[in-house]
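A single structure is presented below for examination.
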Amino acid sequence: MKSLGKTHWAGAEGHIPGWSHADSPELESHEALCILNTAEAPAHCRLTLYFTDREPAGPYKLEVGAQRTKHVRLNSLQEPEPVPRATDFAWALEADVPIVVQHTRLDSRQAANALMTAVPFSQD
Amino acid sequence: MKSLGKTHWAGAEGHIPGWSHADSPELESHEALCILNTAEAPAHCRLTLYFTDREPAGPYKLEVGAQRTKHVRLNSLQEPEPVPRATDFAWALEADVPIVVQHTRLDSRQAANALMTAVPFSQD
Amino acid sequence: MKSLGKTHWAGAEGHIPGWSHADSPELESHEALCILNTAEAPAHCRLTLYFTDREPAGPYKLEVGAQRTKHVRLNSLQEPEPVPRATDFAWALEADVPIVVQHTRLDSRQAANALMTAVPFSQD
Amino acid sequence: MKSLGKTHWAGAEGHIPGWSHADSPELESHEALCILNTAEAPAHCRLTLYFTDREPAGPYKLEVGAQRTKHVRLNSLQEPEPVPRATDFAWALEADVPIVVQHTRLDSRQAANALMTAVPFSQD
(Lines give C-alpha, C1' and ligand atoms only; values in the text may rest on other atoms or scores of the structure.)
Protein backbone atom coordinates (compact mmCIF):
# COMPACT_ATOMS: atom_id res chain seq x y z
CA MET A 1 0.00 0.00 0.00
CA LYS A 2 1.48 3.33 -1.03
CA SER A 3 1.36 6.34 1.27
CA LEU A 4 -2.06 8.03 1.10
CA GLY A 5 -3.34 11.51 1.74
CA LYS A 6 -2.44 15.17 1.66
CA THR A 7 -0.21 17.37 3.81
CA HIS A 8 -2.75 20.14 4.59
CA TRP A 9 -6.25 19.72 6.02
CA ALA A 10 -8.77 22.24 7.30
CA GLY A 11 -12.29 22.28 8.73
CA ALA A 12 -14.54 25.26 9.34
CA GLU A 13 -16.97 23.73 11.83
CA GLY A 14 -15.65 23.38 15.35
CA HIS A 15 -17.72 23.72 18.51
CA ILE A 16 -17.33 21.56 21.61
CA PRO A 17 -20.77 21.41 23.23
CA GLY A 18 -20.89 23.22 26.53
CA TRP A 19 -22.28 20.37 28.58
CA SER A 20 -23.01 16.64 28.56
CA HIS A 21 -25.87 14.44 29.61
CA ALA A 22 -23.75 11.32 29.39
CA ASP A 23 -24.33 8.00 31.07
CA SER A 24 -20.73 6.86 30.46
CA PRO A 25 -17.38 8.65 30.04
CA GLU A 26 -17.08 7.76 26.34
CA LEU A 27 -20.42 9.47 25.67
CA GLU A 28 -19.20 12.83 26.95
CA SER A 29 -19.75 15.63 24.40
CA HIS A 30 -16.57 15.99 22.38
CA GLU A 31 -14.92 16.61 19.04
CA ALA A 32 -12.23 14.32 17.69
CA LEU A 33 -9.66 14.82 14.96
CA CYS A 34 -8.72 11.39 13.66
CA ILE A 35 -5.42 11.15 11.80
CA LEU A 36 -4.18 8.21 9.73
CA ASN A 37 -0.53 7.98 8.77
CA THR A 38 0.06 5.21 6.20
CA ALA A 39 3.62 6.36 5.55
CA GLU A 40 6.76 4.49 6.63
CA ALA A 41 7.86 7.51 8.71
CA PRO A 42 6.23 9.29 11.67
CA ALA A 43 3.98 12.27 10.87
CA HIS A 44 4.73 15.50 12.71
CA CYS A 45 1.55 17.60 12.68
CA ARG A 46 0.87 21.18 13.66
CA LEU A 47 -2.71 22.15 14.49
CA THR A 48 -3.90 25.78 14.46
CA LEU A 49 -7.29 26.88 15.79
CA TYR A 50 -9.12 29.91 14.40
CA PHE A 51 -11.79 31.92 16.20
CA THR A 52 -14.44 34.54 15.50
CA ASP A 53 -12.89 37.48 17.27
CA ARG A 54 -9.41 36.68 18.54
CA GLU A 55 -6.00 35.63 17.20
CA PRO A 56 -5.46 31.97 16.28
CA ALA A 57 -4.26 29.51 18.92
CA GLY A 58 -1.42 27.06 18.46
CA PRO A 59 0.41 25.38 17.07
CA TYR A 60 -0.63 22.23 18.91
CA LYS A 61 1.97 19.59 18.12
CA LEU A 62 0.78 16.07 17.40
CA GLU A 63 2.83 13.08 16.32
CA VAL A 64 1.43 9.98 14.67
CA GLY A 65 3.69 6.95 14.27
CA ALA A 66 4.42 5.24 10.97
CA GLN A 67 1.42 3.14 9.92
CA ARG A 68 -0.56 4.21 12.95
CA THR A 69 -3.73 6.21 13.62
CA LYS A 70 -4.34 8.73 16.39
CA HIS A 71 -7.81 9.88 17.41
CA VAL A 72 -7.27 13.19 19.21
CA ARG A 73 -10.06 14.47 21.45
CA LEU A 74 -9.91 18.22 21.13
CA ASN A 75 -11.33 18.43 24.65
CA SER A 76 -8.03 16.97 25.91
CA LEU A 77 -5.61 19.44 24.34
CA GLN A 78 -3.77 21.50 26.97
CA GLU A 79 -0.66 22.94 25.27
CA PRO A 80 -0.32 25.75 24.38
CA GLU A 81 -3.87 26.31 25.75
CA PRO A 82 -7.14 24.40 26.28
CA VAL A 83 -9.85 24.60 23.61
CA PRO A 84 -12.70 26.79 24.89
CA ARG A 85 -16.11 25.11 25.26
CA ALA A 86 -19.33 26.34 23.66
CA THR A 87 -17.25 28.55 21.36
CA ASP A 88 -17.19 28.61 17.55
CA PHE A 89 -13.84 27.74 16.06
CA ALA A 90 -12.22 26.31 12.94
CA TRP A 91 -8.94 24.47 12.46
CA ALA A 92 -6.08 23.76 10.07
CA LEU A 93 -3.58 20.92 10.27
CA GLU A 94 -0.30 20.54 8.40
CA ALA A 95 1.98 17.51 8.38
CA ASP A 96 5.41 16.64 7.04
CA VAL A 97 4.11 13.49 5.31
CA PRO A 98 0.76 12.81 3.61
CA ILE A 99 -1.99 12.00 6.12
CA VAL A 100 -5.72 11.31 6.04
CA VAL A 101 -7.98 13.18 8.47
CA GLN A 102 -11.58 12.87 9.65
CA HIS A 103 -13.45 15.09 12.10
CA THR A 104 -16.28 13.87 14.35
CA ARG A 105 -18.53 15.45 16.97
CA LEU A 106 -20.52 13.59 19.58
CA ASP A 107 -23.13 15.90 21.08
CA SER A 108 -24.65 14.56 24.28
CA ARG A 109 -26.26 17.73 25.52
CA GLN A 110 -29.47 15.73 25.56
CA ALA A 111 -30.23 12.26 26.87
CA ALA A 112 -30.11 10.98 23.27
CA ASN A 113 -26.71 11.68 21.76
CA ALA A 114 -26.19 12.93 18.19
CA LEU A 115 -23.24 12.21 15.91
CA MET A 116 -21.77 13.94 12.88
CA THR A 117 -18.61 13.37 10.89
CA ALA A 118 -16.87 14.91 7.89
CA VAL A 119 -13.82 14.36 5.76
CA PRO A 120 -12.31 17.85 5.74
CA PHE A 121 -10.92 19.88 2.87
CA SER A 122 -7.40 18.83 1.90
CA GLN A 123 -4.61 20.07 -0.36
CA ASP A 124 -0.83 19.76 -0.72
CA MET B 1 0.60 28.09 7.33
CA LYS B 2 -0.21 28.95 3.74
CA SER B 3 -3.69 30.09 2.69
CA LEU B 4 -6.04 27.12 2.31
CA GLY B 5 -9.19 26.46 0.35
CA LYS B 6 -11.07 27.31 -2.81
CA THR B 7 -12.96 30.39 -3.97
CA HIS B 8 -16.26 28.69 -4.93
CA TRP B 9 -18.36 26.38 -2.77
CA ALA B 10 -21.84 24.93 -3.25
CA GLY B 11 -24.25 22.61 -1.45
CA ALA B 12 -27.45 21.08 -2.75
CA GLU B 13 -29.11 20.19 0.55
CA GLY B 14 -30.67 23.10 2.38
CA HIS B 15 -33.82 22.92 4.51
CA ILE B 16 -34.35 24.75 7.78
CA PRO B 17 -36.74 22.60 9.82
CA GLY B 18 -40.11 24.23 10.31
CA TRP B 19 -40.23 23.97 14.06
CA SER B 20 -38.16 23.22 17.16
CA HIS B 21 -38.63 21.20 20.30
CA ALA B 22 -35.66 22.83 21.96
CA ASP B 23 -34.90 23.05 25.64
CA SER B 24 -32.31 25.81 25.12
CA PRO B 25 -31.79 28.55 22.49
CA GLU B 26 -28.68 26.91 21.06
CA LEU B 27 -30.68 23.74 20.35
CA GLU B 28 -33.14 25.57 18.09
CA SER B 29 -33.43 23.89 14.67
CA HIS B 30 -31.02 25.60 12.30
CA GLU B 31 -28.55 25.36 9.47
CA ALA B 32 -25.11 26.92 9.69
CA LEU B 33 -22.56 27.79 7.02
CA CYS B 34 -19.17 27.82 8.67
CA ILE B 35 -16.44 29.73 6.85
CA LEU B 36 -12.70 29.64 7.61
CA ASN B 37 -10.43 32.30 6.17
CA THR B 38 -6.76 31.41 6.72
CA ALA B 39 -5.58 34.20 4.40
CA GLU B 40 -3.84 37.41 5.53
CA ALA B 41 -6.66 39.50 4.02
CA PRO B 42 -10.40 39.64 4.76
CA ALA B 43 -12.68 37.40 2.68
CA HIS B 44 -15.61 39.08 0.97
CA CYS B 45 -18.22 36.40 0.28
CA ARG B 46 -21.40 36.42 -1.76
CA LEU B 47 -24.03 33.78 -0.98
CA THR B 48 -26.79 32.86 -3.45
CA LEU B 49 -29.75 30.65 -2.56
CA TYR B 50 -31.51 28.47 -5.14
CA PHE B 51 -35.05 27.14 -4.91
CA THR B 52 -37.33 24.59 -6.54
CA ASP B 53 -39.71 26.92 -8.28
CA ARG B 54 -38.60 30.54 -8.00
CA GLU B 55 -35.68 32.75 -8.95
CA PRO B 56 -32.54 32.64 -6.78
CA ALA B 57 -32.23 34.94 -3.76
CA GLY B 58 -29.21 37.05 -2.96
CA PRO B 59 -26.50 37.89 -2.97
CA TYR B 60 -26.15 37.82 0.78
CA LYS B 61 -22.89 39.59 1.63
CA LEU B 62 -20.69 38.07 4.31
CA GLU B 63 -17.25 39.20 5.43
CA VAL B 64 -14.78 37.03 7.33
CA GLY B 65 -11.69 38.68 8.78
CA ALA B 66 -8.14 37.60 8.05
CA GLN B 67 -7.35 34.41 9.98
CA ARG B 68 -10.82 34.27 11.44
CA THR B 69 -13.82 31.95 11.21
CA LYS B 70 -17.48 32.90 10.97
CA HIS B 71 -20.31 30.45 11.66
CA VAL B 72 -23.36 31.95 9.95
CA ARG B 73 -26.79 30.70 11.04
CA LEU B 74 -28.89 30.81 7.89
CA ASN B 75 -31.91 31.37 10.13
CA SER B 76 -30.47 34.78 10.97
CA LEU B 77 -30.01 36.18 7.47
CA GLN B 78 -32.29 39.16 6.78
CA GLU B 79 -30.79 41.03 3.82
CA PRO B 80 -31.86 40.98 1.03
CA GLU B 81 -34.57 38.62 2.41
CA PRO B 82 -35.03 36.00 5.16
CA VAL B 83 -34.53 32.33 4.32
CA PRO B 84 -37.91 30.58 4.18
CA ARG B 85 -38.49 27.77 6.71
CA ALA B 86 -39.54 24.23 5.81
CA THR B 87 -38.55 24.93 2.19
CA ASP B 88 -36.05 23.05 0.02
CA PHE B 89 -33.15 25.16 -1.13
CA ALA B 90 -29.53 24.94 -2.25
CA TRP B 91 -26.71 27.45 -2.06
CA ALA B 92 -23.53 28.70 -3.69
CA LEU B 93 -20.84 30.87 -2.14
CA GLU B 94 -18.02 32.74 -3.85
CA ALA B 95 -15.18 34.60 -2.18
CA ASP B 96 -12.33 36.84 -3.28
CA VAL B 97 -9.75 34.75 -1.41
CA PRO B 98 -9.56 30.98 -0.83
CA ILE B 99 -11.83 29.85 2.00
CA VAL B 100 -12.86 26.56 3.61
CA VAL B 101 -16.57 25.89 4.19
CA GLN B 102 -18.63 23.38 6.14
CA HIS B 103 -22.41 23.08 6.36
CA THR B 104 -24.27 21.74 9.40
CA ARG B 105 -27.91 21.16 10.30
CA LEU B 106 -29.29 20.70 13.79
CA ASP B 107 -32.80 19.29 13.60
CA SER B 108 -34.70 19.56 16.87
CA ARG B 109 -38.18 18.91 15.57
CA GLN B 110 -38.26 16.10 18.11
CA ALA B 111 -37.24 15.99 21.76
CA ALA B 112 -34.02 14.21 20.70
CA ASN B 113 -32.07 16.41 18.31
CA ALA B 114 -30.29 15.10 15.20
CA LEU B 115 -27.11 16.47 13.61
CA MET B 116 -25.60 16.25 10.16
CA THR B 117 -22.64 17.95 8.53
CA ALA B 118 -20.94 17.98 5.14
CA VAL B 119 -17.93 19.51 3.48
CA PRO B 120 -19.51 20.94 0.31
CA PHE B 121 -18.32 20.78 -3.27
CA SER B 122 -15.56 23.28 -4.04
CA GLN B 123 -13.72 24.59 -7.09
CA ASP B 124 -11.73 27.65 -8.16
CA MET C 1 -21.70 33.21 -10.55
CA LYS C 2 -20.22 30.71 -12.97
CA SER C 3 -21.68 27.25 -13.41
CA LEU C 4 -20.52 24.93 -10.63
CA GLY C 5 -20.09 21.21 -10.28
CA LYS C 6 -19.32 18.01 -12.13
CA THR C 7 -21.27 15.88 -14.62
CA HIS C 8 -20.91 12.51 -12.85
CA TRP C 9 -21.74 11.70 -9.23
CA ALA C 10 -21.93 8.42 -7.34
CA GLY C 11 -22.65 7.17 -3.82
CA ALA C 12 -22.13 3.70 -2.42
CA GLU C 13 -24.43 3.90 0.61
CA GLY C 14 -28.12 3.56 -0.15
CA HIS C 15 -30.70 1.93 2.11
CA ILE C 16 -34.22 3.19 2.66
CA PRO C 17 -35.19 2.09 6.19
CA GLY C 18 -37.92 -0.52 6.20
CA TRP C 19 -40.28 1.27 8.54
CA SER C 20 -41.00 4.59 10.23
CA HIS C 21 -41.98 5.71 13.68
CA ALA C 22 -42.89 9.18 12.48
CA ASP C 23 -45.15 11.70 14.12
CA SER C 24 -45.48 13.75 10.91
CA PRO C 25 -45.28 12.94 7.17
CA GLU C 26 -42.02 14.86 6.72
CA LEU C 27 -40.36 12.68 9.36
CA GLU C 28 -41.03 9.46 7.42
CA SER C 29 -37.84 7.42 6.91
CA HIS C 30 -36.39 8.37 3.54
CA GLU C 31 -33.35 9.06 1.41
CA ALA C 32 -33.07 12.19 -0.71
CA LEU C 33 -30.82 13.05 -3.61
CA CYS C 34 -30.54 16.83 -3.73
CA ILE C 35 -29.41 18.33 -7.04
CA LEU C 36 -28.34 21.92 -7.66
CA ASN C 37 -28.14 23.25 -11.20
CA THR C 38 -26.44 26.65 -11.29
CA ALA C 39 -26.19 26.60 -15.10
CA GLU C 40 -28.23 28.77 -17.46
CA ALA C 41 -29.71 25.65 -19.10
CA PRO C 42 -31.82 22.81 -17.69
CA ALA C 43 -29.96 19.72 -16.43
CA HIS C 44 -31.10 16.37 -17.81
CA CYS C 45 -30.02 13.68 -15.34
CA ARG C 46 -29.98 9.90 -15.55
CA LEU C 47 -29.91 7.96 -12.29
CA THR C 48 -28.82 4.30 -12.14
CA LEU C 49 -29.24 2.12 -9.04
CA TYR C 50 -26.87 -0.76 -8.27
CA PHE C 51 -27.64 -3.75 -6.06
CA THR C 52 -25.90 -6.62 -4.30
CA ASP C 53 -27.19 -9.48 -6.38
CA ARG C 54 -29.20 -8.26 -9.36
CA GLU C 55 -28.77 -6.16 -12.47
CA PRO C 56 -28.86 -2.36 -12.11
CA ALA C 57 -32.19 -0.49 -12.29
CA GLY C 58 -32.79 2.59 -14.39
CA PRO C 59 -32.20 4.96 -15.84
CA TYR C 60 -34.48 7.16 -13.80
CA LYS C 61 -34.83 10.45 -15.67
CA LEU C 62 -34.73 13.65 -13.65
CA GLU C 63 -34.78 17.23 -14.93
CA VAL C 64 -33.66 20.24 -12.93
CA GLY C 65 -34.40 23.70 -14.31
CA ALA C 66 -31.78 26.35 -14.93
CA GLN C 67 -30.72 27.91 -11.62
CA ARG C 68 -32.99 25.64 -9.67
CA THR C 69 -32.61 22.85 -7.11
CA LYS C 70 -34.56 19.62 -6.88
CA HIS C 71 -34.63 17.44 -3.76
CA VAL C 72 -35.69 14.00 -4.97
CA ARG C 73 -37.02 11.55 -2.38
CA LEU C 74 -35.88 8.15 -3.59
CA ASN C 75 -38.96 6.68 -1.87
CA SER C 76 -41.08 8.48 -4.48
CA LEU C 77 -39.44 7.14 -7.66
CA GLN C 78 -41.80 4.92 -9.68
CA GLU C 79 -40.40 4.78 -13.24
CA PRO C 80 -38.97 2.46 -14.42
CA GLU C 81 -39.50 0.74 -11.03
CA PRO C 82 -39.86 1.64 -7.31
CA VAL C 83 -36.78 1.54 -5.08
CA PRO C 84 -36.98 -1.51 -2.79
CA ARG C 85 -37.12 -0.83 0.95
CA ALA C 86 -34.72 -2.30 3.51
CA THR C 87 -32.37 -3.26 0.67
CA ASP C 88 -28.73 -2.26 0.16
CA PHE C 89 -28.11 -0.27 -2.98
CA ALA C 90 -25.75 2.28 -4.50
CA TRP C 91 -26.30 4.89 -7.19
CA ALA C 92 -24.71 6.86 -10.01
CA LEU C 93 -26.00 10.03 -11.62
CA GLU C 94 -24.89 11.65 -14.86
CA ALA C 95 -26.02 15.02 -16.23
CA ASP C 96 -25.53 17.00 -19.42
CA VAL C 97 -24.39 20.11 -17.52
CA PRO C 98 -22.33 20.42 -14.34
CA ILE C 99 -24.41 19.86 -11.20
CA VAL C 100 -23.81 19.68 -7.45
CA VAL C 101 -25.30 16.73 -5.52
CA GLN C 102 -25.84 15.87 -1.87
CA HIS C 103 -27.33 12.70 -0.39
CA THR C 104 -29.26 12.58 2.90
CA ARG C 105 -30.98 9.89 4.94
CA LEU C 106 -33.56 10.44 7.65
CA ASP C 107 -33.99 7.29 9.69
CA SER C 108 -37.09 7.32 11.87
CA ARG C 109 -37.25 3.64 12.68
CA GLN C 110 -37.18 4.76 16.30
CA ALA C 111 -39.10 7.49 18.11
CA ALA C 112 -35.96 9.67 17.94
CA ASN C 113 -34.97 10.21 14.31
CA ALA C 114 -31.37 10.12 13.08
CA LEU C 115 -29.87 12.10 10.19
CA MET C 116 -26.85 11.65 7.98
CA THR C 117 -25.64 13.43 4.87
CA ALA C 118 -22.73 13.21 2.46
CA VAL C 119 -21.37 15.02 -0.56
CA PRO C 120 -20.81 12.10 -2.94
CA PHE C 121 -17.86 11.30 -5.17
CA SER C 122 -17.80 13.39 -8.37
CA GLN C 123 -15.87 13.48 -11.63
CA ASP C 124 -16.27 14.74 -15.19
CA MET D 1 -22.29 5.12 -17.87
CA LYS D 2 -18.51 5.11 -17.72
CA SER D 3 -16.63 3.50 -14.85
CA LEU D 4 -16.53 5.84 -11.84
CA GLY D 5 -14.23 6.25 -8.90
CA LYS D 6 -10.69 5.88 -7.68
CA THR D 7 -8.51 2.87 -6.83
CA HIS D 8 -7.40 3.96 -3.33
CA TRP D 9 -9.62 5.04 -0.44
CA ALA D 10 -8.87 5.72 3.21
CA GLY D 11 -10.70 6.83 6.35
CA ALA D 12 -9.22 7.88 9.67
CA GLU D 13 -12.29 7.43 11.90
CA GLY D 14 -13.09 3.85 12.81
CA HIS D 15 -14.59 2.73 16.11
CA ILE D 16 -17.20 0.00 16.49
CA PRO D 17 -19.23 0.92 19.58
CA GLY D 18 -18.70 -1.52 22.42
CA TRP D 19 -22.34 -2.33 23.05
CA SER D 20 -25.83 -1.96 21.63
CA HIS D 21 -29.21 -1.04 22.99
CA ALA D 22 -30.98 -2.31 19.89
CA ASP D 23 -34.58 -3.36 19.52
CA SER D 24 -33.90 -5.20 16.24
CA PRO D 25 -30.85 -6.93 14.71
CA GLU D 26 -30.40 -4.28 12.01
CA LEU D 27 -30.10 -1.60 14.69
CA GLU D 28 -27.08 -3.26 16.31
CA SER D 29 -24.14 -0.84 16.65
CA HIS D 30 -21.91 -1.25 13.61
CA GLU D 31 -19.71 0.31 10.98
CA ALA D 32 -20.18 -0.40 7.29
CA LEU D 33 -17.89 0.10 4.33
CA CYS D 34 -20.09 0.41 1.25
CA ILE D 35 -18.38 -0.24 -2.08
CA LEU D 36 -19.80 0.50 -5.54
CA ASN D 37 -18.22 -1.08 -8.60
CA THR D 38 -19.61 0.45 -11.80
CA ALA D 39 -16.96 -1.25 -13.95
CA GLU D 40 -17.61 -4.14 -16.34
CA ALA D 41 -15.16 -6.34 -14.40
CA PRO D 42 -15.16 -7.54 -10.77
CA ALA D 43 -13.30 -5.42 -8.24
CA HIS D 44 -10.73 -7.20 -6.07
CA CYS D 45 -10.23 -5.10 -2.93
CA ARG D 46 -7.70 -5.32 -0.12
CA LEU D 47 -8.58 -3.66 3.19
CA THR D 48 -5.93 -2.78 5.78
CA LEU D 49 -6.77 -1.65 9.32
CA TYR D 50 -4.49 0.69 11.28
CA PHE D 51 -4.39 1.04 15.06
CA THR D 52 -3.02 3.34 17.74
CA ASP D 53 -0.36 1.09 19.18
CA ARG D 54 0.01 -2.12 17.18
CA GLU D 55 0.89 -3.25 13.69
CA PRO D 56 -1.77 -3.02 10.96
CA ALA D 57 -4.19 -5.90 10.40
CA GLY D 58 -5.01 -7.39 7.03
CA PRO D 59 -5.29 -7.55 4.20
CA TYR D 60 -8.96 -8.42 4.32
CA LYS D 61 -9.94 -9.54 0.83
CA LEU D 62 -13.26 -8.34 -0.56
CA GLU D 63 -14.68 -8.90 -4.04
CA VAL D 64 -17.44 -6.82 -5.59
CA GLY D 65 -19.01 -8.03 -8.82
CA ALA D 66 -19.21 -6.01 -12.01
CA GLN D 67 -21.93 -3.37 -11.68
CA ARG D 68 -22.73 -4.43 -8.15
CA THR D 69 -22.50 -2.89 -4.68
CA LYS D 70 -21.40 -4.56 -1.47
CA HIS D 71 -22.12 -3.12 1.98
CA VAL D 72 -19.59 -4.75 4.30
CA ARG D 73 -20.30 -4.69 8.03
CA LEU D 74 -16.90 -4.42 9.65
CA ASN D 75 -18.36 -6.25 12.65
CA SER D 76 -18.62 -9.35 10.45
CA LEU D 77 -15.03 -9.58 9.23
CA GLN D 78 -13.27 -12.71 10.52
CA GLU D 79 -10.26 -13.31 8.25
CA PRO D 80 -7.44 -12.74 8.94
CA GLU D 81 -8.80 -11.55 12.34
CA PRO D 82 -11.96 -9.96 13.82
CA VAL D 83 -12.10 -6.18 14.22
CA PRO D 84 -11.76 -5.30 17.91
CA ARG D 85 -14.73 -3.49 19.51
CA ALA D 86 -14.51 -0.18 21.36
CA THR D 87 -11.07 0.37 19.82
CA ASP D 88 -9.86 3.30 17.70
CA PHE D 89 -8.79 2.31 14.22
CA ALA D 90 -8.44 3.66 10.68
CA TRP D 91 -8.53 1.90 7.32
CA ALA D 92 -7.26 1.93 3.76
CA LEU D 93 -8.73 0.10 0.78
CA GLU D 94 -7.17 -0.52 -2.61
CA ALA D 95 -8.84 -2.06 -5.64
CA ASP D 96 -7.79 -3.19 -9.10
CA VAL D 97 -10.54 -1.14 -10.79
CA PRO D 98 -11.99 2.25 -9.88
CA ILE D 99 -14.54 2.02 -7.08
CA VAL D 100 -16.66 4.42 -5.02
CA VAL D 101 -16.70 4.02 -1.23
CA GLN D 102 -18.78 5.37 1.65
CA HIS D 103 -18.37 4.72 5.37
CA THR D 104 -21.25 4.73 7.86
CA ARG D 105 -21.59 4.16 11.60
CA LEU D 106 -24.78 3.33 13.45
CA ASP D 107 -24.31 3.90 17.16
CA SER D 108 -27.04 2.33 19.28
CA ARG D 109 -25.32 2.47 22.63
CA GLN D 110 -28.37 4.39 23.75
CA ALA D 111 -32.07 3.73 23.21
CA ALA D 112 -32.07 6.42 20.50
CA ASN D 113 -29.62 5.47 17.77
CA ALA D 114 -27.27 7.96 16.07
CA LEU D 115 -26.00 7.84 12.48
CA MET D 116 -23.02 9.32 10.70
CA THR D 117 -21.61 8.87 7.22
CA ALA D 118 -18.67 10.15 5.19
CA VAL D 119 -17.26 9.86 1.72
CA PRO D 120 -13.62 9.02 2.48
CA PHE D 121 -10.45 10.41 0.97
CA SER D 122 -9.63 8.94 -2.44
CA GLN D 123 -6.75 8.96 -4.89
CA ASP D 124 -5.35 6.86 -7.75
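The letters A, B, C and D name the chains in turn, as written, and every chain counts its residues from 1.
We take it that contacts are C-beta pairs under 8 Å (C-beta built on N, C-alpha and C of every residue); 3 or more make two chains touch, one makes a residue touch a chain.
For clarity, every value in this text was computed on a predicted model and none was experimentally measured.
Novice: Since chain C and chain D are copies that touch, is their contact same (over half of the numbers shared) or different (under half)?
Specialist: The interface of chain C with chain D is built from mostly unshared positions.
Novice: Need the most distant chain from chain B, centre defined as the mean of C-alpha atoms.
Specialist: D
Novice: Could you report, rounded to a multiple of 5°, the rotation needed to superpose chain A's C-alpha atoms on chain D?
Specialist: That pair's rotation angle lands at 90 degrees.
Novice: Rounded to the nearest whole Å, what is the centre-to-centre distance of chain A and chain B, using the mean of the C-alpha atoms as each centre?
Specialist: The computed centroid separation for chain A versus chain B comes out at 21 Å.
Novice: Compute the distance, rounded to whole Å, between the mean C-alpha positions of chain A and chain C.
Specialist: Averaging C-alpha atoms per chain gives centres 30 Å apart.
Novice: Note the residues in chain C that touch 2 or more other chains, in rising order.
Specialist: Within chain C, residues 111-112, 114-119 contact more than one other chain.
Novice: Within their complex, state which residues of chain C touch chain D.
Specialist: 8, 10-15, 18, 46, 48, 50-53, 55-56, 86, 88-92, 94, 105, 107, 109-112, 114-121, 123
Novice: Spell out the residues on chain B that touch chain A in their complex, using ranges where they run on.
Specialist: 1-2, 4-6, 23-24, 26-27, 32, 34-38, 67-71, 99-102, 104, 106, 111-119, 122
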